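Residue numbering begins at 1 within each chain, and the chains themselves are lettered A, B, C and D in the order written.
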Amino acid sequence: MNSLLLYALAGVGLFTLGLYALIVHAHLLRKILAINVMGSGVFLVLVALGGRTPGGAPDPVPHAMVITGIVVAVSATALALALLLRVQAKTGRTRFPEQGNIILKEY
Amino acid sequence: MTWDSSLLLLILATSLVPGLVIFFLPEERVSLRTTLNMAGAVVKLVLVGVMIWGVFHGQQYETRLPLLPGGLDLVLHADAESVLFVTLSTVLWLVTTVYAIGYLEGSHHRSRFFGFFSLCVTATVGVALAGNLITFLLFYELLTLSTYPLIVHRETEEARQAGRIYLRYTIAGGAVLLVGTVWLYDVAGSFDFTHRGVLAGLDDADRAALTAIFVLLIAGLGVKAALIPLHGWLPRAMVAPAPVSALLHAVAVVKAGAFGIVRVVNDVYGVEFAASLGVTGPLAVLAAATIIYGSLRALFQDSLKRRLAYSTVSQVSYIVLGIAIVGPIATIGGLVHLVHQGVMKITLFFCAGNLAETLGVHNISDMNGVGKRMPWTMAAFTIGALGMIGVPPLAGFITKWYLGLGALDAGQDWVILVLAGSSLLNAAYFLPILYVAWFKAPPDAWPAERYWGRRETAWALLAPPAVTALLTLAVGLLASAPFSPLQWARFITTQEYAP
Amino acid sequence: MNAYLSALLLLSVPGLPLLLAFPALRSRLPRPCHLALLPAVILLAVPAAFSIEVPWLLFGSGLGIDAASRWLLAMSVVLWAVAATLLQAPSGQAVDKRLTVFFLLTMATHLGAILATDLVGFFAFAALLGYGFYGLLVAAGDETARRAGRVYLVFMVVADLVLFEALLIAAATTGDLHFEAAHHALALSQEGAPASLWYVSMVLVGFALKVGIWPLHFWLPLAFRAARPAVALLLGGVPVAIALLGIVRFLPLGEITLPDLGAGIQWLGLTAAIYGTVVGLMQSHPRTLLAYATMVVTSLFITLLGSGLEWPLLGAALQGTAPLFIMTLGFTVAALVAGSMLADKVTTQSALLVTARRVGVLLLALSPLMTVILTRPSGGGERLFAESGLVALWPWWMLCTVLLAFRWLYLLLRRQGETMSAPASMIPPGDFWPILERWFSQSNHWFMSMGLQLLPRWRSSGLAAAGRLLQVRVWQKALDAGERALQGWSLAVALLLLLGLAIALLSA
Amino acid sequence: MGTAVANTPWCVMVILLPLAGALVSFLWPRRSVPLGLVTALAVPACVAGLGWQVAEQGVQRYAVGGWGAPLGIDLYADGLSLLLLLMTALVGLGISVYSSGYFERKTAAVFWPLWLFLWAALNALFLSADIFNLYVTLELLGLSAVALVALAGGADALIAAMRYLLVSLLGSLLYLLGVALLYHSFGSVDIAILAQRVEPSPAVWAAVGLMSAGLLLKTALFPLHFWLPPAHASAPAPVSALLSALVVKASFYILLRLWLEVFPPSDAAVGQLLGVLGASAVLWGGIQALRQARLKLLIAYSTVAQLGYFFLAFPLGTSIAWKGALYLLLSHALAKAAMFMAAGNILRCCGHDHIVALDRVAKRLPLTLTAFTLAGISSMGLPPSGGFTGKWLLLDAALYTGQWWWALTLILGGLLAAAYVFKVVGYAFTPAEVSHEVRVVPVRMEWTALVLALAAVLLGLGTPWLLALLDIGFPFDSGYAG
């Protein structure tokens, strides 16, 4: 049983790693990668926590959820990368502008 | 929708529908706009006449629409008090419309002006006919919104500044009134205006909450009734064109505030219960302070319209004083002043508008010998001014008579001193104007003179002040005639105080 | 005399002059002022005494004529006729349209006041009379007339206010405000309540201001001095007469006894007479002397009134005879003013004016005697009347009035010789009015400067300071910094986790 | 005909129709505008059908594909979801008509598929009965919204879209982690089943914390609102209208569902926390809105402020408070859409949206200014607008439960709203120094803004019927708690 718990903890670990990377790295590509790592972390937790049906076979529902999750993650990443290219084309930089992109009252 | 319940909606519609149509009229359709305005005003007058006849004979007119859960409905109810205010606003709206048509000849944005003008009157009539506090609040806020564009009509920086200050006061007042109303309905459950007040019957309601609610309600209403220190917006709103300041000061906004206070004290709390709560005393003191303060400030204003504005600040508090002195005779005085002040003040503002429009005279210092150039306008102004001072046969005398008598009857002798002081101050700031206008030699040329052939000014500018001056005279002289405002105020008070 | 005819007649007495006051209506009529007096003359012709109720007017007032007011009506018709002729026969320049308007307005209110049968009606007509007479004084007058008018107006406004309070007290004690009913009610309530004492004193002060009795007499000399002849002629018969009538009508004479107040008034009357005589003799201009002469004669009446208050029997008698005295006063002043017109070089030396002068002197000199004769109570109380203050002292009164008469005659003759000298300084010498006026204008000036300069400056500086506080940069910078900080990812996500943790822990 | 209407599966139709419309308009880009409009008209009809069905037969539960609850995905339509579907239909119709005049051909071809797709995701979200399906629809919604924001193509639009995407993904992942924990503890994702099985345990607390944090981030409550103003301000007008009016409300709806039905009844502390955050959102959003120089930013910050109002209902908790919050939500959607459309008109006409230089907009675009003012009146909460009724109900609940400080926040929020609305209206009257060349604005765009604003103002008069609608299957006692 503890091995399942081990995998779940590994999943959560992956999630926190991704979260840390998302905060720290300024480069947009790294942020997108961080999001993917967090996604896979969550999927690992989902699968690990999926219990056994009384007949001994693994419970299929979490697996269905994971597949849907993966599909969503893939499409999200595709959109993110396309956006990244457009941002890089438009602004020539691949980072969020420092002072925040909206200029408040000109003081 | 029987006739009883639809009459009130019709009265509201007679000014709402023309207003909405006028909004979409192109600027150059002057004749259509005038006919719409006049038709709306006349039809409303006829309907109000029918209503007066009905109410006098005990007919019950009521319209009820569901609005909020918990039995809070949109109620329009015609009782004696509301009829008094509706008649005043209808008659004076007809007169002001004629005046506005004449005054705004050839000015910009008239469709927008008359649209909001009609909305403003709809709101005033709504305030008058409101059957419970929530409906009153609804039309009270509509009044704020419809008068803002009228103040900002001239689109100058000064007008915008005045508009902003007006909004700051009235929106804050509206918010305070909202909190008071909600709290009241929480404490006392939903109820309509009833003659000797509803709260008297509630035994379990805690008095501290009711007193706090009273303070909130009076603060919210005090903004529009221009009680000190909430009167700041009134003199600054003088930048608006003359028909607007006439409508604002004599009929719509200021009266809505005063009428609200009358409703709260008489029909929500009941005068006896309010007295037992000990709130009418401070209200009377506040009203008295406003009377004296308004008159004092009026003394030092050189601009004619600002002086009249400060005089309104003090005059409206007569109504509040009349209500705050617990007693039938003082209430008659307060109620009848609702009409008298409207008639007198609108005359003065029309004349001020005439002087500004025809001669370009705005300040009292350059009003020398105006009487010679515009005798009829100045005659109307004199009647209005003498009425304000309280010279016997005119309207002001009747009010001061009943207020004084009511004060004596209720044993509040200090009110007599306040009335005497304010009469002196009224004389001190009105008589110099008459003296300068009639007995000083006119300057060789007026700032911006315009000519209308033989007549002193356009008929549309001259007829309204003449009519309202005659009204001032008639209301005072024929005070005891059957359908006079005084008799109607007595009719209301008998219902209010009947054992 | 059926009801409608009498109602029409009574209403037209004040009504016709009012209607003729509109310029449009009288432009075609030949002599509008005289025409206006027609209904009054017809009323005089009708012998019967009758009155009507006008329920819709003010608070239900009435008009009526009885024996006493008939005398007054006669006097006023004569005076207004003479004044109208003086007005119509201008010395050269065209009649000023506005003067005729005020002339007719004052006439209407004067006649109305005489006929009024209730307190509020009388008060209404008396107040309007004040404003109308102000117009007469000031219309087309020069600077001195305007100044006299201004003083007169101040006195009238204050008087109206005091009388208004008195009326309130009366209305508080009794519903019906007609004269007799009011008198009974006020008398009944007199025992305990201080109200009636307040009422009597306020009525006396109010009408004293209007009559110009000694301590409150300042407008009288100024008015006499500045008014044109036609208006000065009316001075005795119109404002002063109506005020005296008011005192008699308002006070419940004969039904209340106020011994100490009565005595006080009698002393007041005596001092006023002495003061009037002394200052009158010091005058250099005949017209101002007349003012003080009128003051002496009115103080005669005041002492009578004092005794009336002291002994109800005398009061009742006075109620009946007072109109006679007022009539004689009106004629005396009219004659004197007519006589003094001789001093103005502009008017011709017509025989009429000389006789007026002689009659005036005679009436003035004999006025104390005539008063005693006229006001002798017919019923009981002759003995009481004999001992009362006035009768005992009437020889001294005669002395005063005779002195004044001769002084006036001397001034008149002296003046006839040389041309009209420059008018003496506006302030009549010897009077203590200037001190009071200087003090009044000083306080007025300080009050106005306080209002116009000082307060607005304090207010605006206060507002400016508050405005600056709002705009202080630090507020704006703080808000910007806060917003920009929230932009950063690290802070945002940290807050996110913190929030999640908080919700998890709190929901535990 | 009555029976035919009664038993057709409106739930499915409401989702399929916009989806099909999106696909078809994607395949025929040249015909996308008429196709889009037809779909935009059909969807409200379906919603009306569903509404009639719910009103007649009460709560509707439809098992997709015939499978039962534990495994299959159910569609669940009760009063609350119906109200939000109604809101989406009304605002969606307005936005469709507005954007048919706003976009030129090339971008229209891209706009319509994305917009209809978003509409389908919204409808699906409001109808879905299990929390995982909520995750999927939430994700669909996020992606299409990001794409729409990026439609404007400008530098700040793209950056805003990028930030919005990252934030949306972060929120969804947090939410998914919570779902995983809940599924592990109770073996099901269906809301109804979860509602019976849930009992407090450490896993549940963690799930509540994670899911709430994720949803609060996506609803842009006060400290986490940084991504909303740039996204809503730089997007094209109809997009910012649908973002502020609809998309932000979806995550609030999910939080409301979970809070009322799934999460175990926690003590008042969490409610107070959400209330405090809501109140600070109202004040901070209002003050920032007052300080903005550009109109669209002002309206975006006003959204941040108005969102705060909805969270005031959490600490109050009575049914009247929930109804008040939902009423505010509905009238805010209409008013905000009208405001952004008005801003779009002004931008189209004057070429810029600097408030100071609005250059006599009152004369050039009277209808737009009236629309903006009416929408402002509703957001201020002046009678007779829907905002007033919502504010009244919240005030009533606050004073009834004795928590007067929420009442104070409501009043201050109203005053701040009045301040920034009348600041704009004030400048609209006076002429600006430099006057720009004027481009004509299609009448259709002005009229849609006015109609939506009028709907927001007149909503106040229809209170009894809407509140009755809300009572159908309302998750807590429907009695008047006053």
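By definition in this document, a residue touches a chain if its C-beta (ideal position, glycine included) is under 8 Å from a C-beta of that chain, and two chains touch if they have at least 3 such contacts.
Keep in mind the model is a prediction, meaning the values are calculated, not measured.
Student: Starting at chain A, figure out the least number of steps needed to reach chain D through touching chains.
Tutor: Between chain A and chain D, the shortest chain-hopping route counts 1.
Student: By C-alpha centroid distance to the whole-protein centroid, which chain wins?
Tutor: Centre-most chain by C-alpha means: B.
Student: In terms of C-beta pairs in contact, which of A-C and B-C ranks higher?
Tutor: B-C
Student: Where the CA atoms of chain A average out and where those of chain C average out, how many Å apart are those spots?
Tutor: Those two chain centres are 98 Å apart.
Student: Taking the mean of the C-alpha atoms as each chain's centre, how many Å separate chain B from chain C?
Tutor: 34
Student: How many angstrom lie between the CA centroids of chain C and chain D, rounded to a whole number?
Tutor: Taking the mean C-alpha position of each chain, the two centres sit 76 Å apart.
Student: Mind checking the centre-to-centre distance between chain B and chain D? Centres are C-alpha means, answer in whole Å.
Tutor: 43
Student: Enumerate the residues of chain D that touch no fewer than two other chains.
Tutor: 170, 291
Student: Where in chain A do residues touch at least two different other chains?
Tutor: Residues 19, 22, 96, 104-105.
Student: Determine which chains touch and list them pairwise.
Tutor: Per the contact definition above, the touching pairs are A-C, A-D, B-C, B-D, C-D.
Student: State the interface residues of chain A toward chain D in the complex, per the touch definition above.
Tutor: 15, 19, 22, 28, 31-32, 35, 38-39, 42, 45-46, 49-51, 59, 61-62, 65, 68-69, 72, 75-76, 79-80, 83-84, 86-87, 90-91, 96-97, 101-102, 104-106
Student: Mind pulling up the chain C residues that touch chain B in the complex?
Tutor: 55-60, 98, 120, 123-124, 127-128, 131, 138-139, 146, 149-150, 153, 157-158, 160-161, 164-165, 167-169, 171-172, 448, 451-452, 455
Student: Per the contact definition, I'd like the list of chain B residues that touch chain D in the complex.
Tutor: Of all residues in chain B, those touching chain D are 65-70, 74, 109, 112, 137-138, 141-142, 144-145, 148, 152, 155, 157, 160, 163-164, 167, 171-172, 174-176, 178-179, 182-183, 185-186.
Student: Can you list the residues on chain B that touch chain C in the complex?
Tutor: For this pair, the touching residues of chain B are 296, 299-300, 386, 389-393, 397-398, 400-401, 404-405, 408-409, 416, 420, 423-424, 427, 431, 435, 438-439, 476-481.
Student: Can you name the residues of chain A that touch chain C in the complex?
Tutor: 19, 22-24, 96, 99-100, 104-105, 107
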